[in-house]
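Lettered A, B, C and D in written order, each chain numbered from 1.
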Amino acid sequence: MTAAVELAGITKTFPGVVANHDVDLTIDVGTVHALVGENGAGKSTLMKILYGVQKPDSGTIRINGETVGFSSPSDAIARGIGMVFQHFMLADNLTVLENVVLGAEKLHGTGAAARSEVQAISDRYGFGLDPDLLVEDLGVAARQRLEIVKVLYRGAKIIILDEPTAVLVPQEVDALFENLRGLKEQGHTLLFISHKLDEVLAVADAITVMRRGTTVGDAEPGSVTKHQLAELMVGSELPEPQHGDSTVTDQVQLAVRDLTYVDSFGRTVLDSVTFDIHRGEILGVAGVEGNGQTELVEALMAIRPSTGEIELGGRAVTGWPTRRRRAAGIGYIPEDRHRHGLLLDSPLWENRILGHAYEQVAVRKGWINRGGARTDAERIVTEYDVRTPGIDTTARALSGGNQQKFIVGRELSGQPGLLIASHPTRGVDVGAQAAIWEQMNEARRAGLAVLLISADLDELIGLSDRIQVMLRGRLVAEFDPRDVTPQDLGAAMTGAKESA
Amino acid sequence: GCGSDDSSSDGGSDSGSESSNALDCTAAEGDGPAVGVAYDVGGQGDKSFNDAAAAGVAQAVDELGATCTEAEAQDGEPESAREDRLRQLADAGNSPILAVGFLYSEAVNAVAPDYPEINFAVVDGFDPDDEPNDNVAYLGFAEEQGSFLVGAAAALKTEADHIGFVGGVNTDLIKKFEAGYVAGATEVNPDITVDVTYIEESNTTGFNDPAGGQAAATGMYDQGADIIYHASGGSGAGVFEAAVQAGEGMWAIGVDSDQYQTASPDEQEHILTSMLKRVDVAAFDAIEAVSNDEPLVSYQVYDLAADGVGYSTSGGYVDDISGDLDDYAQQIVDGEIEVPTAP
Amino acid sequence: MTTTAPEPTQSPDGRIARLGRGYLWLLVTVGFLAIVSTVRVFSGAGQLNSVGTLQAALIATCPILLAALGGLWSERSGVVNIGLEGGMILGTWGAAYFTYFYGPWVGLIGAALMGALGGILHAIATVTFGVDHIVSGVAINIIAAGAVSFLAEAYFRDLQGGGIKQLTGLDTPPRIEIPWLGEAASDLAGQGWFFVSDLSAVVGALTNGLSIMVYLVAGLVVLTWWVLWHTAFGLRLRSCGENPQAAETLGVNVYRYKYIGVVMSGVFAGLGGYMLVLVSSSGFVTGQTGGRGYIGLAAMIFGNWRPFGAAGAATMFGYTDAMQLRSNDAVHALLLLVAVLLFVFAILRLRQGDRLNTSLYAIIGVAFLVWFFNSDSVPREFAGMTPYVATLLVLALGTQRLRMPAADGKPYKKGQAG
Amino acid sequence: MNRLRSFGLSLAAPLLAIAFSLVVTSIVIEISGGSASDFLAIIFSWPVDRLLVNIVNQTSLIYLSALAAAVGFRMNLFNIGVEGQYRMAAYAAAVFAGAAILPGALNVLGALIVAMAAGAAWAGIAGLLRVYRGVSEVISTIMLNAIAITLTGYMLNTYGTQVGDSRRTTEIPASSQVPGWQPFEQSAGQVWTVGLLAVIAGVTFWLVLNRTRFGFDLRATGQSPTAAIASGVNNRRMTLLAMLISGAIAGLVWMPSLFGSSHYYGSTFQTGLGFTGIAVALLGRNKALPIAFAALLFAYLNEQSNRLTIEAGISVEVIQITQGVIVLAVVIAYELVRRYRLRAEERRVAQSSGPSSPSVEEVAV
């Protein structure tokens, strides 16, 4: 039997980076093949080459035994390949239907026929998508399903899924996997990338490990353990969030009472949220994306208007604008570092000032303290192991993990009393993850209060002193991380156990 | 860019200059005066008063053996550019230097004292300060008198007792046209209705906006006017087009030069007459005076008496009333009729 | 960019709204006409809504609307085009030159080609080289103005009716005259009856010697709407303005669609120049665009990057502009119209429970009412500002739910998706 | 070595662009029957003394206008209303100075303040509309430009004094006229003292933008409004302030000329500086020093063009083509250099974070 996909000797270099080096990969027809590897290992690049987005410098691609040369995705699509990208590839202002039929208008036109086809696919897999909704009105899970519909609509036989589960909760992941198995049974070939090794072991028929731009080996899903797999990926021990002893004090650092936010459509997005965080305590907030976590953080930062009372270290800060709140001792790691955390086209030392223009080290009497900012940026670079040629490098030139390390370093400087951390390790590789966890733990020992929001339930359980679950704008349940499983959390997050 | 500034302060339009008397300075070789011409924006070929001035110079080339050098202004240029232009012409030894357009008034006033042996003449110009310049002639025109005559012609010809005036930009200069026109019309018929519209209040694009001219004129025709006089420079093309569209019996009156001569056959059937402003006469006068060693200085008024303004008869549409018009002209020359210069 | 809060433009029950939309529009149109009619009868300003005013308004609208449509094509494909003015300027020259030698139909093509030239330049700079869209647009405006002055001087000087700054007396495209209907409607319109006359004025304006080009422009609005929103091509083009990377991963050749969008933008701007030269008047004069390209850009934004929205915005501008040139009485009556409309909006707002805007509208409405009753006319000097002030007023009082294409103005490079 | 090369590149780019635009213009001239060699000879000849003076003076006006536009651009506010703002300000300042309420130099100072206030107020309308009603500043400033022309024209027609067939404001009293610096003989004219405002404004612009927290906030907002808001910048306040500052600088645009030579607002008012300023700001990439060079270049070309018709019979409009092509060519050249540098920087990043030497290990599980 010929393989569905055979990649041989693929090499791809970007200016200064060897993203793929002599990669060989064979994927059998009708299997779910997982590809794992740490951040920057070259997985996405390899997939983009297979999908025709990027051209390899050398190497051959064979699809169903035939050697092909793709110069654009349309060539790959014509060969029956479909790809779901690591980041959503959707136009928010177009409808579900439009997003699906785009580029494949020849199949069923753009009208009624196409609509019923989309509806049919959605029904067949239980996706529950309304073809006429605008994508911007969809939640992340629905968007993820839409991405899959896009691929199915084109009748792809070989489907690449690049981290499709990153934003899903366990229940949604299960549903997705159910679908994947269905696809496999119908003869589709699936290529699946994930950092969540449980998932990989659960769904894959074969596993290939990539490290530093090349494939370093295959693993049998039946026999390999999660731990072994991780060691293969990094070439060393797998770090895990280490909690250590509790350092919770009884001094309340942040007190939030009846925090409420009603959006411009009159929907109550935050509904009387009330909680305390003590010094030395990490409060984890779990929740399916879109249940108000983003708004909670932004309301606390005064980026969004809200009602209710907020006290920080005993001082009422309700009504204070963002900068004043930050100056009162809040560090803020935003969920989207590119949009909220960095000036991508400014050098690192200027990014040291961003959000900290009240610190002496950054600004003195309204004047930028260049010397201070530069020195302190240097300090962050060394202390937090930010891999960069220097502090005059623009933030854009750094990899995501290094950007995140810089942000963490910045937000922990100046001894804040409270750290608001949204998904602090999202998309960060294992090495950097461990470093970030360590930094947070250390600050906690020094008395820092932390509000931790994360989609990574292991991280939440591993780090938090307490976990609250957020559902439809309300805190609906509280768990002790020492005796809770991700499954319990997932159930609470989806409302299955709302009474709990 | 937008809001381009056209300094044609005047409702200048197509001059009667046929291509035969176009000015070609490279071919002018005589021993007459060396004339420097500083045009307003556009320069020679604008079918407007730059061309009229050029026609006067061309006549001087033909008749006086004059030679010439041309220079032209640019949209939105600074005052210093105008001065510099004049100085370049002066440094090259030209005399007289003919500056076309009132915008040169300040520049000439600044430059002339440095070149006492050179004579300057400014079309439509004025002395902006109290110190008289004894080497500058200001060539002014009694536009209100010419406008009076075409106003009278309109009043005599209208069948609706309803006529109109379209101005390019609401400035004092154009208001002179309006004032004379209205005075002439009411002189003939005190009860006549005269609609007045300006395309722009102060934006000089009003002289380059045929679309605006056409919209304004069509509005007047729609509301019952049957003759419309324009003083709107390039926008006049729109006024003529409006007359053509309004159909038989609807007339337009041209300005500055005999616009019948440059109009298309369609338009010619609707151009009743034109108010003539003889910039060519004034320009030739200024050159001739220098060549006779009796340069013009100070204010020179080109009015009806001096044949500096008048009306055209091409097309023969006003032949039946030319007697009346000439009577009015005579009365103005005799001082029996005093034509107002402001509405 | 004023808030981080997302601003969805459509209510979730969009489908229901779509069903009733046809009727809603009919209702709004009839209601508006009734209000205009009332104001006309009350103030006695017949020009407010005469056949002539409406025709002039339509004619004044067309160049602006074409520029706006041009902007739409370009920005829907993700390229901001401030060079519309330049495209329009190039179009005026093309229209004049080709019409002079080959008649108005070839002139139409000539204007389109000249406009396209501006578009191509913009596309090369922005799409191929990824230059900032605004910079390129500004440069094109400068180049176009200079080039056309220069070209006019070089090519029109010796033509009949030509000069270095003009070319007049050109043949114009034909006009549409529907013999019986046109006259009947005009007669009725002249009666000054309530509503009936106003309705006939609309019919009369459309059937009495209106240039065929006005119909063409109307057709282009519909065509734009149909092509961009109802064809595969349009979907692809719009996707390039919303998320070009996504489009690329689905096999859309983004560069090609951006090029098409920008070049079409130039074509439309060039046609706008044609309208100015051959429909709004019958001659070319240097500088005759007078900033209409910028106004078109404003109309497109104001029209929320949609063809009918742009048409509405351009019409408002064209209407006030034409009226201001035709009749001072009508401008005065406009004060009353504005007041009445403001009260209508105030009531609508009140029903939505929006106190702030209700009182804002009411107060300004009263101010206009007082002005109307305490004056006989609007000073001529101010009448000229009517279109601009009206636009500002509508913008300031309307609630801004404008949404530009998400990737509009952003540079795009192939091979960076994912 | 590398750094030297990239510095050389950034210098070569604009020079090449200028050369390219001159070539384009020459071709246009040749096609239409003119003489390109005459054109080039005139453009490249050293200007006479009085042109040098004019170039300096014009540079100051253009520079101020460009700075005004740049302030907005730096935070992604497209203020195309400089044209209207400086017109309103020029009128207001001329009226104030003409009224001579204050004596001598105080009058000048007062007029400058009036000018800045008037410019800021006119821009502030657009700012307020943007902040409180969400009106795009692109539309509102286009409208305000048109209104400004009509409004000042109306004021002038109504309250101005008539001289000849034109109107003007009352002349500034001699005691408040600011004498200039005369580097050459008298007929070559004077360099306007008030033109120093351009230098002051430029230095202030640089200092405020690069060295103050306010400037940092402004640039941050321009680069990423979302990041700026998260960092604690009040976006509305920033928008309004940027608009006001932009307008205030715009207000100064015509002041050097008013006090240095015109002494009144009237027919000698120079229009179009606002639009030139936009082009120059973009050419100078909205940075203080590059804008100065761009302004100088535009002023140079404008002044040199005066000789084109006189000496070569070439219409002055060609210079617009040159200027437009320069803007386009320079940004394209910069873009190419930027891409080159980005690649170079990535290369350095990659090297410093260690070469990714893939070591294939045999794994057996």
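One rule holds in what follows: a residue touches a chain if its C-beta (ideal position, glycine included) is under 8 Å from a C-beta of that chain, and two chains touch if they have at least 3 such contacts.
All values derive from a computational prediction rather than experimental measurement.
The chain pair with more C-beta contacts between its two chains, of A-C and C-D, is C-D. Centroids of chain A and chain C (each the mean of its C-alpha atoms) stand 44 Å apart. Inter-chain spacing, taken between the CA centroids of chain C and chain D, is 30 Å. Measuring from the averaged C-alpha position of chain B to that of chain C gives a distance of 36 Å. Within chain D, the positions touching two or more other chains are listed as 145-146, 150, 153-154, 157, 226, 229, 315, 317, 319. Along chain C, residues 4, 141-142, 145, 153, 164, 291, 294, 381, 384-385 each make contact with two or more other chains. For chain B, the set of residues that touch two or more other chains comprises 1-4, 43, 75, 170, 200-201, 203.
Pairwise chain contacts in this structure: A-C, A-D, B-C, B-D, C-D. Every residue of chain C that touches chain A in the complex is listed here, in rising order: 4-8, 10, 12, 14-15, 230-232, 235-236, 238-239, 242-243, 245-253, 403, 405-406, 415, 417-418. Interface residues of chain A, counted against chain C in their complex, comprise 44, 48, 51, 53-55, 72-74, 77, 83, 85-87, 89-94, 98-99, 101-106, 109-110, 132, 134, 136-137, 150, 162, 263-265, 298, 303-304. Taken in their complex, chain D has these residues touching chain C: 28, 32-33, 76, 78, 80, 129-131, 133-136, 138-140, 142-147, 150-151, 153-154, 157-158, 225-226, 229, 235-236, 239, 278-279, 282-283, 315, 317-325, 327-328, 331-332, 335-336.
Across the interface of their complex, chain D is touched by residues 1-5, 9, 26, 43, 69-81, 83-85, 87-89, 92, 102-103, 105-106, 114, 124-128, 170-173, 176, 200-203 of chain B.
For chain D in complex with chain A, the residues that touch the partner chain are 210-217, 219-220, 223-224, 226-227, 229-234, 342-365.
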